[in-house]
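Labels for the chains are A, B, C and D, by order of writing; each one numbers its residues from 1.
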Amino acid sequence: MSKIPTSIDIEIRVRYPEVDQMGVLHHSRYWVYFEMGRTELLRAQGMVYADLEKADVLFVVANCSAKYKHPAHYDDLLTLHTEITKHGACRIDHAYELKRKSDGLLLATAQTTIASVNKEGRIIPIPDSIGFVE
Amino acid sequence: MSKIPTSIDIEIRVRYPEVDQMGVLHHSRYWVYFEMGRTELLRAQGMVYADLEKADVLFVVANCSAKYKHPAHYDDLLTLHTEITKHGACRIDHAYELKRKSDGLLLATAQTTIASVNKEGRIIPIPDSIGFVE
Amino acid sequence: MSKIPTSIDIEIRVRYPEVDQMGVLHHSRYWVYFEMGRTELLRAQGMVYADLEKADVLFVVANCSAKYKHPAHYDDLLTLHTEITKHGACRIDHAYELKRKSDGLLLATAQTTIASVNKEGRIIPIPDSIGFVE
Amino acid sequence: MSKIPTSIDIEIRVRYPEVDQMGVLHHSRYWVYFEMGRTELLRAQGMVYADLEKADVLFVVANCSAKYKHPAHYDDLLTLHTEITKHGACRIDHAYELKRKSDGLLLATAQTTIASVNKEGRIIPIPDSIGFVE
């Protein structure tokens, strides 16, 4: 029996306009990368987030925190590890580790809590079909 | 009788993450500023673009061109002149001039053609209520 | 004797491409707004962050956290309260409250810790001239 | 003898915050994709743009134009064709075609002219080492 993955590693190359005049990846862009991690984890689980939205299941970030340890630079190839750390009826917690691929240097760690809502913004249970709810 | 304005000047301050590691406003961000010019011109005409969208009238950019003459830097205060240069049943052309406020240096000029579409992406006439169609 | 301000309120209007297909301000953009709050607080204190960078004093975000309570929408006018909550030799903590201006609804709260570094990324003391270090 | 490539195809997946509340890739983001095309074309030619910048050779966009034919949506996999159409001592022209990968639908075409400048913004010859100048 195949096991549903609860973590995934993806590679991301830093784009030019993601870097600010200090020459480092702007702290706001990390959240875009973390979202890409969640999307690809869902895909690895057999789901497409775009389809969830069409079925009126939206995942919104309820809270988040991050520690920035070392900067990333333009054109750096990064490895993002995204992991589900907790899930409930209506929420999922993820943890993230972003590393520089060339030497494995840990650049940042972060956590988010995602809530499942409908288009009206009301909290709704994560559909059973998503499967990874215990 | 009050005349409907066909141009507007707005001020924009360059934000930190809009500037790239060359220390200049990234060329892609200008289009965000030009869109702000269109939004404020509409508002000066008594319309709110957000309301148009609710009435299923979407303005999409069909084509555009720009000349970049001098760079803008972080924290620069800019003046954007937005002007309607042509309008038809289903499209509006705008021209833009972006200047540095302190000395009036012309940074960029641009043009866009906006098409009026519904949520299905079909070209639709610009509603009469918009008024600025001749 | 005039007192150096340790907090500031600024207004921000939500831009079109800052909103995602859910129709809400994307969670990553809040950090851009919070940075604008820090910039304007510095300006109210008589400093220009761009000048600090020229003097080789860079402020980098070392850690951050946020709670998202209610969504913001396109064209909403928001009020951002930015406040220094703690400062040391090499770091400053800020707290943020983002509200919808029309009715004062609290949309999000957040905290950041900023570290003072030079271009090589080494932690350096915040210059005395900045003044707000006790 | 191996020939230096003058065009390249890359794949890009549309990210969530690149899409606006119309549900389509915002017109400003296309320029970020086109820049990625130029970066990867340089890499295929054996150069890394980040290294050029370290050698005080900056490529800035002098002018651009685009036609938007069909929208791209969140999570769409796109194919970007980037091609050098003209090059001189100090400038390079590129043409772009962005297609939806699944069915080859042409979404947009565009052109840019890139100028070679130094950190002071002065036009400089493209270094011979770049090689693709005839």
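By our rule, contacts are C-beta pairs under 8 Å (C-beta built on N, C-alpha and C of every residue); 3 or more make two chains touch, one makes a residue touch a chain.
Keep in mind that this is a model prediction, so the values were computed, not measured.
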Chain pair, C-D or B-D, that carries the greater number of C-beta contacts: B-D
Relative to chain B, chain with the most remote C-alpha centre: A
Distance between chain centroids, defined by C-alpha means - chain C, chain D (Å): 33
Euclidean distance of C-alpha centroids - chain A vs chain D, Å: 27
Whole-Å gap between the CA centroids of chain B and chain D: 24
Sites on chain D at which at least two other chains make contact: 16-17, 21-22, 28-29, 32, 35, 74
In the complex, chain B residues that touch chain C: 15-17, 32, 35-36, 39, 48-50, 73-75
Of chain B, residues touching chain D in the complex: 21-22, 24, 27-29, 31-32, 35, 53, 58, 60-68, 71, 119, 121
Chain C residues within the chain D interface of the complex: 16-17, 19-23, 26, 28-29, 74
